[in-house]
Amino acid sequence: MNQREFMDEHNHEHHHVQERGELRILSARAGADVAAEAPLAKHALDLAAVRGKLQARAGKQYWRTLEELAEDPHFTELLQREFPRQAPSEWDEGVDRRDFLKLMAASLAFAGLSGCGLPPRENIVPYVKQPEGLVLGKPLFFATVMPFGADAIGLLVESHEGRPTKIEGNPDHPSSLGGTNAFAQASVLDLYDPDRAQLTTNFGDMRSWSQFLDSAQAAAAAIKSTEGAGFRILTGTITSPLLAEEIQGLLKLYPKAKWHQWEPAVSDGGREGAKLAFGRYLNTVYRVEKADVILSLDSDFLAVGPGNVRYMKEFFRRRKLTGPDSEMNRLYVVEPTPTVTGATADHRLPLRASDVELFARALAAKLGLGGGASLPGAEKWIAAVAADLQKHRGSSLVVAGEQQGAEVHALAHAINAALGNSGVTVYQTEPVEAQPVNHLQSITELCADMDAGKVDTLIIFGTNPIYTAPHDFDFATKITKVRNTIRVSTHFDETAEYSQWHIAESHFLETWGDARAFDGTLSVIQPLIAPLYATHSAREVLAAFSDKPGVSDYDALRDRLKAANSGADFEKFWRKTLNDGVVANSAFTPVAGAAKFSADSLPPAKTIPADQLEFIFRPDPSIYDGRFANNGWLQELPKPVTKLVWDNAALVSSKTSEKLDLAHKAASRGGEHGQIYSPVVDVSLSNSKVTAAAWTLPGQADGVVVLPLGYGRTHAGYTGTNRGFNAYAVRVSSALFTATGGTLKKTDAEYSLACTQYHFNMEGRKILASGTLEEYKKNPNFAHEEDEQPDKSVSLYKPQDFPYAPDKPAWAMAIDLSSCNGCNACVVACQSENNIPVVGKDQVMRGREMHWIRIDRYYTHTPSETDGGHSGDPSEYSPALDNPETFFQPVPCQQCENAPCEQVCPVGATVHSSEGLNDMVYNRCIGTRYCSNNCPYKVRRFNFLRFQDWETPQFKLLRNPEVTVRSRGVMEKCTYCVQRISNVRIEAEKQNRAIRDGEIVTACESACPAEAIVFGDQNDPNSRVSKLKAQQRNYTILGELNARPRTTYLAAVRNPNPEMEKA
Amino acid sequence: MFLVCGCIPESFGGHYRVTVDPAKLLIACEEPASAAILVVRGGTIKRNELMPQLFHRSANSAARISILAVVILATLGLTVVFGGVRSPNFTNQYLIRNQPIQFSHKHHVGDDGIDCRYCHTSVEVSATAGIPPTRTCMNCHSVLYNNVGYLAPVRESYSTDTSIQWVKVHRLADYVYFNHSIHVNKGIGCSTCHGQVNQMPLMFQANTLQMQWCLDCHRNPEQNLREKKDIFNMDWKPGPDQAEKGKLLAAQYNIRGVRELTSCSTCHR
Amino acid sequence: MEHHEPQLYGVMAEFETANQLLHAAEKVRDAGYKHMDAYAPFPVEGLTEALGLGRNKVALTTLLGGLCGGLGGFGFEYWVNVVSYPMNIAGRPLNSWPAFIPVTFELTVLGAALSAVFGMIAMNGLPRPHHPVFNIHRFARASTDRFFICIEATDPKFHLADTARFLEGLHPQHVTEVQDE
Amino acid sequence: MSVAQPPINHPEIRRLEPVLAPGHTYETVTATISDVVIKRPLGLGWFAGFTLAFTFLMVLTVAVAWLIIKGVGIWGINVPIGWGFAIVNFVWWIGIGHAGTLISAILFLLNQKWRTSINRFAEAMTLFAVACAGIFPLIHTGRPWMAYYMFPYPSTMGIWPQFRSPLIWDVFAVSTYGTVSLLFWFVGLIPDLATLRDRAPHKWQQMIFGALAMGWRGSARHWHRYQSAYMLLAGLATPLVLSVHTVVSFDFSIAIVPGWHTTIFPPYFVAGAIYSGFAMVLTIAIPLRKAYGLEDFITMRHLENMAKVMLATGLIVAYGYFFEFFMAEYSGNKFDVFLVDQRLHGPYSPYYFALILCNILTPQLLWIQKVRRNIAALFVMSLIINTGMWLERFVIVVISLTRDFMPSAWGRYSATVWDYATFAGTLGLFTTLLFLFCRALPAIAMAEMRELVAHTSKDHD
C-alpha cells in the first residue's frame, strides 16, 4: 500500500480546511467551515479512542490505520466476522469467545452501570487545534439533504464533536418542513454500518485509489479511441445536477457512450402517464393542503414516493380539529393492499391492482371524460366519489400510485384537469430527474447490448441490477460478457460480486454533492464527517474517466454553483445555502398546459378473470427495494400494517387464506407478540418459483397476493443477508408490478415469523377512541361516553401529598390519533435518539423487542370476544376483516402520576421527578421486572440479555452521548427525552427565564411528519399541549385505572362521506 | 472407737482422701453411730469413679470468648467495608496520576494567575469545562520555555498534529450527567468541587465525588453559594455569615428547590 | 494447664422415674434446702414448683426485644421516607404508614424471637460444656432415662453426711457426691 | 380409665389409637431414634438416593452459573410475562416451608400430642424449603450482583430500599421466617444433641454433639426457661408463619394486574401453603418411617391426621378458587371477568383444569377413610397435591400476565430448558439436604418422645 498517496489524499482534504479556516460562523447551525473541520476533530477525538479499543496501535488517520490493518488478515477477519453486528447473537449459541469477553467487558460495563469497583483508567484526548465554533459538549446542527429516488429530504443533522448522531427534519426545506420519515431517521445507522465496504478492490484484491485512477485513465484512453462505444453507465434515478453534469460531460466526451437508468420499485407509469396526458415527461407536484377531497388510486403518497413527508404534513394539517366547528379534508383510497395511506382513509375500497385502472376508467366515465367503462360491484362507491369530487371542483385531488400504469396516471391527470384542480391542488413542472427515461426500456437496451457483447466498460451505481433486474433478463450471465465493470456501492453487494472493480461509495453524510427535491428545489449535500474509510463518491469515480480526474466533489460543486449563480456575492450565497440547506427559490415553476387527453383514446383495458390470483410487487415498507436491508433499525421496525419484523411474507386476503387454508397461528413462545407460525407457500409465477411464508392480511383485496420486494438478499451484510424471500426472483419484465397466471401452493412446511402485535381487538376496552366528524359535531364529548374515569378529587391522600408545584413545569404529552397513520418515523427517531439496541429476530420472537415507543394497530368494527364476535386473531376468517377500519396508536411511556411501576420497585429505581416525570434510574435498577408486570400499558422494556453491542467500534461513534447506554439486566423505557428537557432547562436557567413552549421537542415529536405528537408544560394554560388537552376529544387510555397518565390521546376522528354511508 | 476408727480408713479414708477436712473427719469420728450406719450400709455412698469430662474446664471460657469474638469481628468487618468504600483508596481521592506532562496548576494559576477560563474555555457555556487544545499551550510556549525538555511532548503534539493524552483525574460514572455551566452560573465556584487548584503542583481529586457528597450540596446549596465575582477565586472560603448570605444568593440566582435538585433526572438520564 | 484444686460441689441422688424425682424434689424443698437442682431427660411437669423455683425473665426479655424490633423498624422506615430522602413515589404520601406495617411486624417478631432464644441461653449460663455434674459417669443417663437431684455444697444447710443421709431417705438408686475437679 | 373397653371393631378404637405404639420406654425411643444417627452404618439405599439428589444439585449450580454468564434471557420470560418459573418456584417452595413451623408452633400451642414425632423433620424440611425458595428472588433479578440494593445498608449513594414495594416486604418476611424457623429448630434440638453427646460411641461424635449441645445438662431451671422460650417462640412463629405467605401473596395482590389484584389472596395463599406443606411432609414421612423403622412413632394416626388437615385446607383453597370467579363476575370488572374467562378458554386452560383436578377433585377421595388409611394412596395423593399447588402458582403468575390490560401487548410464555433445570436443581438441593439431615441429626425429637412416654405411661397406670 502506497502510503504517500494516502497522505496526499489527506493533505488535500486538509487544504480545504485551511482555505476556509477564516470564515465566520453565521448561526447555531453554522456553515461548512465547521462541518469540513469536524473530520479532523473526530480523527483527533473519537477514533483515537476507538482505535485504542480496537487494539493498542498508534496511528494518525483512522482510514490509514485501517489500510495497514486491512493487510493483516486476522484483523480483517476480526472486523468482518467476529464483531457482533446490530443484532446480537442468540443466547443458545454456546459459550463462545464473546461470552467470556462479555463477562469481562460486562464487569467493566457494570462498574459503569452499578458504580461498584474502581473506575478504569481513562484518557482525555483534547484537540490539537480546536475547530472554530465548536464548543466541547455542545452538539452542532448542519443542514443537508438525503437523496431518495426522485426526491431529496431536507435534514438537519446533529453532530457531537464531529460525529453525526441524529437526524432531524429541516423546517426550511420544502420536502421536510421539519418532518422526516423512517428511512431518513435510519440513514445515520447506514453511515456507521460495520459491513460497509471500506476500500477499493479489484477482483476482491485491495487496491489504492490512485491505482484505480491510473487504470481508469488507461481505460479512458481506450474509450476515447472508440468514442465511447461500449462505454455504459447504469444508475438509479438521479436528481443531482452535479452528478448529471458529470455524466453529461462524459457523454459529450464519448459521443457513443450511453447512460441507462433502472429504479426497480417505481414504475414508468408516472412518466409515461405524463407523456400520454401532456405529450412529454413532466413532474407532478401536489398541493395537498389545498385539497378538500382527495382520491388515491393505489397511491401510498403519505408514506413513500416523492414529497411524502411534505404531503403528510399538509394532509394532516387539514385534519387538525380545534373544536366541533372545525372542518377536515376527506380521503378516498382505492388500493389492493393496506398501506398507511389506506389506513388513514375515510373510505377505503380494496380492489385488485388491475381493477384500479378499471376504477379510474369508470370514474372518468362518470365524470364525463368518455370511455363508457364501468366497474361492477363498485358503482355506488364510484358514484359517491364522483359526486363528492364534483362538489369540490378546484379543491379536490386525484393521486395515482407509483406502481400503477401509465393509463391510471393519465386518467388521474385528465380527471384533475376536468375538475379544475390543475394549478390549484396539483401542478406539473419540468422533471426533477436529471434525465427522465423509461427505465424498463433503458435496462432492456443495456441487457441487449451486453448480450451482444457491445458493452466494454460498465459503471454501475445507485442501483443493484444483479439483485433487482427482472429475472428474465438474466442480468448475471449477461454482465459476465462485459470486459470491465466498475461497481460503486456502499456495500460489497450482489452486483459487486460480478464486477471487476468495486469502489466503496461514501455515505451521503460523508460527501459533498447536491440533489433536487420533489418540487425541483435544489439543495446542497454537505458532509458531517470525513469518510470513515477509503470511500469515494460516484461523481469522483465518473470523473476518473473524464479528462479532468481528481477534482474533489467540493470544488466541483462550488464551481457548478458559481457558474449557476454568477454575479451575486458567491461566498455569501454559499454560506446561506449551507446554512439553510436549500438553494433559495430554486423550486421549479409550474409549466402551463392542461392534460389534452380523453379516456376514449385508451385501448380497452385488459381484465383478469376473477378466479385467477393477482400477484403484485411492492417495495417493502421498512427496507424499500432492498437498499436498507442491512439497516438493523429498519429490519426490526414493525411494518406499519402487518407488524412483521425481519421478514417479508406473501400477503393474502382473509378469503384467499380461508380458501387455501393459510391461517397462521401464534406460537407458545412470545405468542401474540412474538413468534407466529405461518404456512409456507410455493409461489410459481412467470416460469419461476419462490418459496415464501404466507400472511393473512385483513383489508387486502380478495385474490391479490402481495410479494414485497427487498428481501432475500445474498450480499447485504451481516444484518440483511438471507432474510425473508426474494420476490425479484419471480419478477419478469413483462409483469413488473402486476403479474397473473401464477399459482400459490401450500406446502406442509411452517415458517416462524416475528410479529410485534398479533391481536388487533380492543376487547371492548377504553384504549383507542374514534368517531366520525358528524358524531363529533353532534357530541364533541363522544370520547367520554361510558367513561369510567374516577374524579380526580377522589383520593385517600391529602392534596399536599402530591408535590407538583403549580408554578413549575409539569411535562405532558398529547397525541392526536386523528393525525397518526403509523408511518413509524417516531419509532426510529426514538431508537436513534435514545441508543436503543436492536435485538434480532429470535429475541423479537420471544417478545423482547426494545422500542420505547410502539405503534399499536387496531381494527375496529370487529366486535370483541366478549360479545361473541371475532377473537382478534387475524388468521381467523371474518367478513369484518375484508375491509376493516384501521387505526394507529403510538404508545410511549404514559408517565403516570400515580405510577403503578414506581410503587412496586424494591430499590426505588423508578420514582417521580418534581416535574412529574416518571424517572427511570438505570444504575439503580436491579432488574426484578416487577415494574413491567405492573405497568398496565406495557411500555417498559427489559435488557434480558446483553443487547447492546459494546464491541463494534463504529457503533460507539453512533451513540448519543447525552443518554446512558444500558446494559444487561436493566429495565428501560421512554423518558420524554429527559436529556433534551435537561439541556433546555439548563440553558433557560442560565438566562434566568422560564422554558418557552415548544422549546423542548422530544425525538418522536420532532420526527412526526403529521404533527400528531405534542409535548409541553401542562401547567402553562397557553402551551400547545394544554390547549390540546383542553379539547373534549382528550382522553386517557384505561382511565378507570386512575394511574393519571401525563400522556393523553385525542380521539381519532374520520370524515366519511354521508352519501357513501347510504350507498 | 477403735472399730470406728478402724473402719474409717477403709470405708472413709480413700473416700475422704482427696477432700478430707480434718474438722469434718473429726465430726464423723465423733459420731460413731452415723459412722456405723455408714459402715453397715457401707458402699451405698458410692466412691466416685472419676470419669474425665468431655470438655476441659477451660472450654467454658473458650466458648464464651469465641462468641464474643464473632460479635466483635462482625462489627469490625462491617466498619471496614462501609468505611473502606468511603476511603480514598476506593474513591481515588488525593490520588496523583502520572501525566504525559507534569502540568502544574499551582504554577499557572497560583503563580502566573492565569484565569481558569483561559484554558477551560467552555466551562460557562457547556457541560464540559473543556481541556485546552495544544494550540492554547503553544500560545505562550511557542515563546516561553520554547525549548525546555519537559515541554517537548507539547511541541511534538503541535508539530505532528497528534493529541496529548492526559490521564483523567475527575472521573464521574457514565450515567452521571454533570453540567459545569449551570453550576458556575448559579454561584458554585470551581474550588468547591476541585479544591484549591492554585495550590496543587500536580492535579488530584479533592473530593469523593460520591453521590452522597453531591447530595450534601444539592440538599443545601446555600452553604456553597458565592457571588459571581468569586466563582473563579480559588481562595474563597465560606464566611461566618454564609448562612444568611447563602439564602440571599439562592434567591438572587433563583436556585431551584431541594425537591427539584434531588430529583433523580436532575443528574441521571 | 493449671491444676485445679478439687472441691465439693454437692451430693446427688439418682432416681428411676419422673414421679420419684418429683416427690424427692418436694421433700428436699420441704427440708429447707435452697441451693439444689434437678436434672431430667425431659421437662417434668411440676418439677419447677416442686423445687420452688420462681418465675423466669424470658418473657420480659422477649417483650423488650419485640418492642425494640418493632419501634426500630417503623422508625427507620419513617426516617428513610420522610427525613433522609423524601421522594414522590407513585404519588403516595411520604409517610405511607400502611405500607410500612409488614416490615414493622416482621422486625417485631425477629427482635422478640432472637431475644427469647439468646436470652434463654444466656440466662441458663450456656454454653457451659464443662460442669461438675458431668464428673459422675452415671449422669450420662440424665439425657436418656435417669432423673437426678443434686443438693449443692453452697447451700447453708448443706452437711455432707446429713445431706447424704437425707437423700438416702428418699430411696434413690444411688447417692453420689459430686466433686468439682 | 374407667370406661368399659369397647369392642375391638368399635370405631372408638381408632380414636384411641396411640400416637406412640405401646410398650416403649425412655430407653427404647431414645435408642431407636439416636441409633439412626450415631450407630447405624450408611446403607446402599442412602448412597444411591444421595447421589441422585446430589446430581440434581449439580444441575442447579450449572444452571445458575449459565444464568450469571448470560442473563435472565436464558429463561422463557419476556414482556409482558416478566415473571416465570423463578417466581412460581419461589412461591411454591415458600408454601412448602409452611408445614414445619405450623406443626411445631400451632399444633404445639393447641397441645396436639401427635405433632411430637413429626415436628423435627417437618421443621428441617421447612428450613430446606426456605433455602430453596430464597435462591429465586436473588437469581431472578437482572443483575444479581446488585441484589444487595434490596437491603437497608448505609450506601455512599445516600439512598435506601423502597419500603412500599412488596418485594422488600418479602426480603424481610422470608429472612425473618428463615431465622426464626432456624432458632425454633435449634432450640428443639438442644436436649437431643445432649442425648447424642452422652450416647455417641466415638469421641469425635461426642465432641461435635457436645459442642452443639452447649453443655446442656437437663437442669430443672434450664428446662423451666427452655419451656418458656419454646412456648414464646411458638407464639411468635404462629403469626409469623401466617404473615409470610400473606406477604408473598401481597407480591401479587398489591399489583394491579387482573388476577393478582384480589383481597382473597392472603387467606387462600396461607391455606394453600399449609396444603402443600402437609403434602410434602407426607411425601417425606412415608418413606422415612419405612426406611428407618419409625412406624412406631409415626403411626397411622399421624398420617391420617395429616390427611385430614390436607382435606380441610384443600377445601379452603377450593373456596378461594371459587371466590376468584365469583368476585370477578360479581364485581363485573371487565378485566377480571376477561381473566377468569381466559382461565377456562384461554391458551393456558389445560393448566387450569389440571390444577382443579390435582387440587380440588382428587383430594376429595380423602373423605373416604380407607384412602386416608392407605399409605400408598396417601403417598400418591401427596405428590398429586404438590404438583397441583405448583400449577396453581403457575396459573396465578403466568396466565394473569399473558393477557392483561393492553391486548396489543399480549404475549405468551414457554419455559426453556434452563427454567426446568433450575427447578429440578432446587429439588436436588432440597433432597440433598434432607438426606444429610436424616443421618446427621435425630429425625424425631427424642426429648419430646420421652415426654410422650412419660405421659402415656401415666395414662396407662
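To keep things simple, chains are lettered A, B, C and D as they appear, and every chain counts its residues starting from 1.
Rule of thumb we're sticking to: contacts are C-beta pairs under 8 Å (C-beta built on N, C-alpha and C of every residue); 3 or more make two chains touch, one makes a residue touch a chain.
Since the structure is predicted, the reported quantities are computational estimates derived from the model, not experimental observations.
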{"item": "B-D compared against A-D, more contacting pairs", "value": "A-D"}
{"item": "Geometric centre distance via CA averages, chain C-chain B, whole Å", "value": "42"}
{"item": "Chain A and chain D: spacing of chain centres that average the CA atoms, whole Å", "value": "57"}
{"item": "Between chain A and chain C, centroid-to-centroid distance (C-alpha), Å", "value": "80"}
{"item": "Junction residues of chain D, two or more chains touched", "value": "157-162, 164, 166, 168, 197, 210, 214-215"}
{"item": "Residues of chain B engaged with two or more neighbouring chains", "value": "54-55, 60, 63, 211, 215, 259"}
{"item": "Shared-contact residues (touching 2 or more other chains) in chain A", "value": "113, 115, 803, 900, 903, 908, 911-914, 924"}
{"item": "Touch-based graph of the chains, sorted into line, ring, star, complete or other", "value": "complete"}
{"item": "Sites on chain D touched by chain B in the complex", "value": "153-159, 197, 206-207, 210, 214-215"}
{"item": "Chain A residues touching chain D - in the complex, by the definition given at the top", "value": "91-92, 95, 99, 102-103, 110, 113-116, 666-674, 757-765, 767, 843, 846-848, 854, 856-858, 866, 872, 889, 891, 900, 903-908, 911, 924-930, 932-934, 936-938, 940-946, 968-971, 1037-1038, 1041"}
{"item": "For the chain C and chain D complex, residues of the former touching the latter", "value": "18, 25, 37-44, 47-48, 51, 53, 56, 58-59, 62, 66, 76-77, 80-81, 84-85, 89-90, 92, 96, 99-100, 102-103, 105-107, 109-110, 112-114, 116-117, 119-121, 123-124, 126-131, 133-134, 139-145"}
{"item": "Chain C-touching residues of chain D, taken from the complex the two chains share", "value": "25-27, 30, 152, 158-164, 166, 168-169, 172-173, 176, 179-180, 183-184, 186-187, 191, 194-195, 197-199, 210-211, 213-229, 232-233, 236-237, 239-240, 243, 247, 250, 447-448, 450-451, 454"}
{"item": "Contacting residues of chain D [partner chain A, same complex]", "value": "69-74, 76-83, 140-143, 145-147, 149-150, 157, 159-162, 164-168, 171, 254-257, 334-335, 337-338, 341, 347, 401-414"}
